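So that you can tell them apart, the chains are marked A, B and C in the order they are listed, and the count of residues begins at 1 in each.
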Amino acid sequence: MILFIVRRLFYGLLVMVLVTCTVFFVTRMLTDPVRVMLPLSASQDDYDQLESSLGLDKPLLVQFWDFVSGAVRLDFGDSFWQGTPALGIVLDRLPATFLLVGASMFLAIILFIPLGIVASLKPGGWLDRGLVTVSLFGLSMPQFWLGAMLIYVFSVQLGWLPTSGSGSLSHLVLPAVTLALTSGGRIAQVTRSSMLDQLNRPYVTTLTAKGMRRSYVLFRHVLRNALLPIVTLVAYETAFALAGYAVIVETVFAWPGIGRLAIQAVTQRDIILLQALVFVAALLVVIVNTLADVVYKSIDPRVKIS
Amino acid sequence: MRDETKQPADDFLLSVDNLKVEFYNERGTVHAVQDVSLGVRAGETLGLVGESGSGKSVTAAALMDLVPITGRVANGTFRWHGREVTSKELGRLRGSKITMVFQDPMSALNPLVHVGAQITEVLRKHLKMSRGDARRRALELFDLVGIPEPLRRFKQYPFEFSGGMAQRVVIAMALAAEPEVLIADEPTTALDVTIQAQILDLIAHLQKELNIAIVLITHDLGVVAGVADHLAVMYAGRVVESGVASEVFEHPSHPYMRGLLASTPHPREVTDRLVPIPGNPPVVTKILPGCAFADRCSEATDRCRTERPELVAPPEDDVPSDRKVACWHAA
Amino acid sequence: MTQTAAPDVVEPKARPSIRRAVRILSEDKVALASVVFVVVVVLSAVFAPWIAPYSPSDISLTDRLLPPVWSDGGGWSHVLGTDALGRDVLSRIVFGARNSLLIGVSVVVIAGAFGTVVGLIAGYRGGRADAILMRLADAQLAFPGLLLVILIISVLGPSIPIIIVVIAVYGWMIFARLVRGNVLQLREDLYIRAAVMAGCGPIRLMRRHLLPNLVSPIMTQAMLELARVILVEASLSYLGLGIQPPNVSWGLMVAENQAYLREGWWTVFFPGLILVFTIVALNLIASWLRVRSDPQQQQLIAARRRMNAEAKAGEK
């Protein structure tokens, strides 16, 4: 198992390298970052000054080396916008995003997995059809719209919850629910189809032929087998939320996490900060995926170390 | 030799009369089993033979109340130890008194649970054993079915077993609760020929030792040849010939059985050519009058196509009482 | 004796005809409704200048925030109301469809083509090529998706070609994986091997034998991807990194009007609603396609239908 984890982490390292190269390629070779960062009214002097201060006047290979060695040392430079180390700013905002994503994943799991399981037991029944419809709409709904509508109903009209910001539990409710509904839709779908798939397998017939009771077959055998794709999906959704949806939901609700930070960095044209953000996000995704692989392997003994 | 006055149904452990099973799909109803009556006695093996689609597996499933949700038992009188029971009641005997061995051992076992647990769960459920006792008994069963290094194998997962070994595990699972009837549905079809012989030997040996009744389902005559005491040949959802196995092999009455024998290579005989039966077995979506085999039968006459022959004793004298054929031209 | 050209060793699989597809489609009401809806959206997008009652940039400061026709103060002149700048919501939705569909379809075509080629190569060649290509695809799956897209677009500028390319690069892997998986399976099919043994070259093999079998799964995936891409584009536009004003996009409409939720909920509600329905419809079409091509599913459904019918008829 240790060997497995090490191999997975090594693979993750490879991914990080690829991400770093991609970021470098895009920010240095496809465009002129200095021009992007400066306002249109900037003079040639301003340009030269910024360029040298960022080390962007050096030859590309040297830049690459600086970039990579900086990344390894976790030094991304100072944020253009705020002047303090970029990584520090990102780490500051990270807990807020963890809280949001954690709360929504928790909600999605305790709500949608049991629903998916129960629905799969009577396929075609009303719960099943209801769940399929709800999850379809859930995963089709743009989060920014769902968020806006929830704000309208619960904040503007009913006044139960605040419209945006953070600081209390009531601030967390709407954003978490928004995120949970979208991820939950997909989780319910996969839970249901995974259960159905297992329930149709020959070993279930064998278990019935052995005279084992339905509830036993379900809890001791089927659930365990069905869990595999679900684990993979939950990990995928979490990673996706951290590195993706969070941006949208945090923007809608002005939630002070890394997602909102990203948009602010864009508005401020702070490429330094964006680079740090992408790096941290990539690291998070790698960690989540590795954890998921470990859980998967501990359930399924057939998984070979690739 | 059977006493001619004795009712054959009296000493059957498990039997069914007039079984009718239907399946439903988008095109209509499939009459998988139309009117089957058979039974099995303690210490004996009933060979249930037929091509794919003859209804043999469905019959076995019906005996255990395992007909899948796409079908249902439309008719049938089930008897256990001579006493009439419902299909559901038979279902409750699953795993303890009536057990099944399936065709593909790899998919019959849960790939994520080690094999030892898959046996002990039967022991703990049906014989109410404690964990320690169940474990010990499971290891004994491994021995019984001929699995070497039982201690090491106990903790292994199905994918670590070969086909033949896995089938032994499945057999051990089926025997764990000391059943009275074992239904083996194509137990050797998924295995290599050499392993087939081993498994069949094992089954025969176990039967003698444990005096269980066995229903051996197969499409391969070679499989039943040495093992079955009685034979029931099925075609298109009905039994077309039945009787003591050796009798049926030596004097096949029904053209279908004769055709099967002619198309099966016999290891000791040198034949010029194998004669296959022309055509394919039907999928019965509409019950037509007449014999279902008529289209492929070389001896079919008009009567065969309009009147269905009943399964009765052949017309000659000097024939054992449980010998039956469904043919107007029984030889 | 008629002269016939030498026949192919094996016949390629027959393609399903459109007429037959329509007939089958009409059996499933939900799928039919979805197809109709999508067709309506597409037609509106194509014929937008002729269908929309107003130009999407018709600003009218006197007609700001008019409610939809069924509310107090609304009227038939603006069926779905107007936004904060007096622009007709319905017209903007119709024009917004243009941009969303343009980007959506372009991305799916590009990502689909590229992914299919990669998948074909990986599946057909196997071995080294397969391993490398799939590693690449997997690695990209581990990229921090949206954030990276945001970085790239903010650096390169949110022009439509850039958006299309970036989203396409973001999503080709799913086609590659799908095609590769199918090709690996197909390779083992008897008639493919027969064709190879008869001397069928790789290009011809792919064109005549592999591709026809791939059409169905690729189409299904394309529907799903279109739905996903439309959602991504809407999200990007919402964040300000997609379609830029004065162009219209459903996502952009939501962003522009979120501040006016209190006074004009319809400005946010309707663009989002049409988004939801479009995506739902595409998903439904995709799952209908998938169910259609799986015979086992068909049997289960039919069996269940029959059982219910028989149970109702009082048999048992």
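One rule holds for everything that comes next: contacts are C-beta pairs under 8 Å (C-beta built on N, C-alpha and C of every residue); 3 or more make two chains touch, one makes a residue touch a chain.
Bear in mind that the values here come from a model prediction, so they are computed numbers and not experimental data.
Taken together, subunit B and subunit C share the touching chains A. Ranked by C-beta contact pairs, the top pair of chains is A-C.
Separating the CA-averaged centres of subunit B and subunit C is a span of 51 Å. As a whole-number value, the distance joining the C-alpha centres of subunit A and subunit C reads 23 Å.
In this assembly, the C-alpha centroid of subunit A lies 54 Å from the C-alpha centroid of subunit B. For subunit C, the set of residues touching two or more other chains reads 304. Here subunit A touches subunit C in the complex through residues 12, 14-15, 18-19, 22-23, 26-27, 30-31, 33, 36, 124, 136-137, 139-146, 148-149, 151-152, 156, 239-240, 242-245, 247-248, 251-252, 262-263, 266-267, 269, 271, 274-275, 277-278, 281-282, 284-286, 289, going by the rule given at the top.
Residue ranges on subunit A touching subunit B, taken from their complex, read 201-203, 205-213, 216, 220-221, 224-225, 299-302.
On the side of subunit B, the complex with subunit A involves touching residues 64, 66, 92-96, 99-100, 102, 104, 107-113, 121-122, 125-126, 157, 159, 170, 173, 177.
In the complex of the two chains, the subunit C residues touching subunit A come out as 139-140, 142-148, 150-152, 154-156, 227, 231, 234-235, 238-241, 251, 254-255, 258, 261-262, 265, 268-269, 271-272, 275-276, 279-280, 283-284, 304.
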